[in-house]
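Some structures are shown below for you to check.
Below, subunit A partners subunit B and then partners subunit C, in two separate complexes.
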Partner chain A sequence: MSISTNRLFREYKTLSTNPPDGIQAGPVNEDDMYLWEALIEGPIGTPYEGGVFAAELKFPKDYPLSPPTMRFVGGGVWHPNVYPNGTVCISILHPPGDDPNHYEHASERWSPIQSVEKILISVMSMLAEPNDESPANVEAAKMWRERRSEYERKVRGEVRKGLGL
Partner chain B sequence: MEPTFDIPDSTDWLSTPLTLLAPLESSLRCQVCKDFFDNPVITSCSHTFCSLCIRRCLSTEGKCPTCRSSDQELKLRRNWAVQELVEGFNLARPSLLQLARRPAEGDRVTVDGGGQDAEHPAFKKRKIEQEDGTQTGAGEGIRTRSQRRGVVRQIETPPIEIVDDDIQDDAYIPDDGLVACPVCQRRMKNEAVFRHLDTCTGSRAETRPAAFGSLLTASRRPFQEVTEKPPDRLPHIHYSILKDTVLRKKLKDLGIPNWGSRALLERRHKEWMNLWNANCDSKTPKRKTELLRELDTWERTQGGMSTTTPDPSNSVMRKDFDSAGWSADYNTDFKQLIASARKKNDAEVRSTIPGASQAEPDELSSTLIVEPPTEAQTQIDRCSERLGWSGKGARGADSFEP
Partner chain C sequence: MLPEDEPSLNIPSLLTLAVVSFFVIRWFFKRDGDSTVPGSRGRARGNVVDPAHVEQIAQMFPQLSTRDIMWDLQRNGGNVAATTERILTGRGLDTPPPSFQPLVAIPPTGVPAQPVSSASKSDGQDLITRYNLATKIAEERGEEAAARSSSGGWSQNKEERQRILQKRRDDMILAARRRMMMQKAQDTAQ
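Right after this comes the complex of A and B.
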């Protein structure tokens, strides 16, 4: 077993025996530890409350030296830091190499001591507090900044739609 | 499913009354590989990792994974104390865990009594009150060390009945502030034990049954430096000053494979250097053949024999991905897939709606040809922008005007 699969197995076990509130994650298929799916509950007190968001995580072979990528599946998520195709843009998922815009502190970036659990917790708090300095979805960022109530209405609508209501 | 849960980890304690051992165990584990420290070394910023883990991190990034201060391989120092802690804990772990799990099973499973009836007449029961206040208070100190998890959940346990068998009841511990020598059972001051152990004859050892993880096997040897001369460390190479042929020869001289591209040669050499130098930190160094086997595992998973490119971009395609070339190269494959899909579709249509028209499958195939590449391509563009692989820092943010 290689270093990366070994570590992913451990993280899987930790996450299944002691999952953080509102988060579930594990490999899609245990034969391939490099593709995970995760479920994140919308944080309480935000327009995402009540929603359950599915995402997939793809791990590189040299994990944990390099970070995984994360993408919301099934309709994506209307959020300033989520690309329209669902890809999550958050500093913890970026390797601490070059940062063209210098808006991210190196301390927030990926490091081998980070983990799936920490990524998912960060994404959960990202849902609650968007970072509009580095928008991945410009439209959502504009709406969040200028027309907050419309933004919240739209998000709530999507949450309801996602739940099939 | 099963093999996954055979991996021991710190959460094993959470289902037992000894939940506070979880943070203790997680502080004995390397933050990079999540396994117990293996040949722990300490960085100049005072963080401890497995020798191999930190060498791999430093050779890719040159920074401590915990605090990101720059560090060099040469400054790593062995951390014997941590190594002994890990060894000691690992010796005690199985029996400790077994003991911790026993109360839960004690109601139904006969632990060691064979044919005894359900009442366990031989056992005495003792009630332990869980005092929440003391639990959390005692946890604080350990928890700060455990950077891995913010909050350790306290499993709510009802008052627990611990089933003691008679053997253990014998092991009455007087409350005199002294500790017993694990070998001869003589009681002495805590500080004196280790010194005493070096000379202990262990005369009483046989009289005590080793019911709880025999410490006899773990009897502490005075720590000594490796007596033989340790293997020489491999020096760093500045790859840029070496020509391909020289580097290839160097790899050959080291006895490791020297095939593949320049980049692969450098990565393989780096991995070998890390494996080798980490092995030099070991108290019981492995043989070279074993290291070669580990390099072979690396070769198959991340090196030249891995199925995908080891590049982190393997999960997403590059922006300059040649989609035209790709579709030309795999044209026949695509056509075959389309043909088989059409056949399958035909068969399904026939089986459900007898005499369905032929026009539908044709439409389907034309969308199949056009759609996937374009959709994929837009995704690729976005992702590569996000990760800055275009090299120009073309991020979504650039186009954003407040």
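Right after this comes the complex of A and C.
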């Protein structure tokens, strides 16, 4: 086992034996530890409440030196910090040297002391509190800022659709 | 005759002594320096530490000295992963001997930006189709509140682990769906 798969296996074990509330994650197939799938429950008190969101995590071969990428699958998520293709854009997924916007603190960004669990918890709080500074989905950001009730209605509709209702 | 001979003999012998002692001293110090670096003689000479690697680790662990990082990289042959693992496991880095001459002037290097993964298939499917849960929903209708207790679990067996994870995933989606349907029923009743 290489350092990266070893580490990913350890994280998988921790997440399985002691999963955080509303989070499930693990490799799609243990033969390839570099591709994971995660489920996140929508945070309570937000339009995402009641929903379950599936995301795919792709790890680089030099994990944990470099962060994984994360993408919501199954229609994506309507959110200012999620690209229309589902890719999540938050500081913890950015390597420390890469800060094109110059507003992220190094401590918020990726480093090997972070983990899959921390990423998923960060994404959960991102759903609750969008970061308006760097919208990945400009349309969603605009709607969130200017027409909040329409935004919430749209999200609730997608939540139900995601559950096949 | 003799008194004149002595000085003419002494100059070359002094020179020889000087040259010999120069090599002896040089050999002595070289050996001394190397003995503090067991196992790295030869390799340490030609092996140049990549400043980008040093920078990469220094960014992740700003509390560490660059000298310590260089020393560790030089000894493990420039293996960033090994050095990071060493720091993370709490073993820490050794302090290099004072004779260690690291590379000076680290050019600032930006970590290459990660390309945004391009949209492959904009799959507009819901989770029920994605995880083939339609049959489970049908089964569930009879025994409404299925007991869902398994919050965490681990098995030494690979297939078993896979099965546990899949079960937990399915349970999470089905439970959310049940809650949503119940809420909808309540809303319409009011």
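Basically, the second predicted complex is superposed on the first by the 164 of 165 C-alpha atoms of A that agree within 3 Å, B and C clash if a C-alpha of one lies under 4 Å from a C-alpha of the other, contacts with A are read in each partner's own complex, and residues count from 1 in each chain.
Methods note: a contact is a pair of C-beta atoms (placed from the backbone, for glycine too) under 8 Å apart; a residue touches a chain by one contact, two chains touch by 3 or more.
Values in this document were obtained by computation on a predicted structure and should not be read as measured data.
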For this session: Check subunit A with both subunit B and subunit C modelled on it and let me know: fit or clash.
Result: clash
For this session: For A:P135, decide between first (touching subunit B), second (touching subunit C), both and neither.
Result: first
Exercise. Given the touch rule stated above, what does A:L65 touch, subunit B (first), subunit C (second), both, or neither?
Worked result: both
Exercise. After superposition on the shared chain, which partner residues are touched by A:G74: those of subunit B (first), subunit C (second), both, or neither?
Worked result: second
For this session: Report for A:Y83: first if it touches subunit B alone, second if subunit C alone, otherwise both or neither.
Result: both
Problem set entry | Touched partner set for A:R10, first subunit B, second subunit C, both or neither | first
Exercise. Who does A:P112 touch here: subunit B (first), subunit C (second), both, or neither?
Worked result: both
Exercise. Regarding the shared-chain residue A:V52, is it in contact with subunit B (first), subunit C (second), both, or neither?
Worked result: second
For this session: Applying the touch criterion given at the start, work out whether A:G164 contacts subunit B, subunit C, both or neither, answering first, second, both or neither.
Result: second
Exercise. Of the listed segments of subunit C (7-15, 115-123, 133-141 or 169-177), which one clashes with subunit B in the superposed model?
Worked result: 115-123
Exercise. Subunit A residues touched by both subunit B and subunit C?
Worked result: 3-4, 13, 16-18, 30, 58, 62, 64-67, 69, 83-85, 87, 94-96, 98, 100, 106, 111-113
Seminar exercise, completed: So, in the complex, the side of subunit C touching subunit A is made of residues 55-56, 59-62, 80-82, 84-85, 88, 109-114, 116-119, 122-130, 133-134, 137, 151-154, 158, 161-162, 164-165, 168-169, 172-173, 176-177, 179-181, 183-184
For this session: Would you pull the subunit B residues touching subunit A in the complex into a rising list?
Result: 1, 4-5, 7, 9-12, 14-15, 31-35, 53, 56-57, 60-61, 63, 65-66, 68, 147-149, 153, 297-298, 300-302, 306, 308, 310, 312, 314-316, 378-379, 382-383, 386-388, 392-393, 395-397, 399-400, 402
Exercise. Subunit C touches which residues of subunit A in the complex?
Worked result: 3-4, 13, 16-19, 24, 26, 29-30, 37, 39, 41, 50-52, 54, 58, 62, 64-67, 69, 71, 73-76, 83-87, 94-98, 100, 106, 111-113, 159-165
Problem set entry | Complex interface listing, subunit A residues touching subunit B | 2-7, 9-14, 16-18, 30, 58-62, 64-69, 83-85, 87, 89, 94-96, 98-101, 103, 106-107, 111-113, 115, 117, 133-138, 141, 145
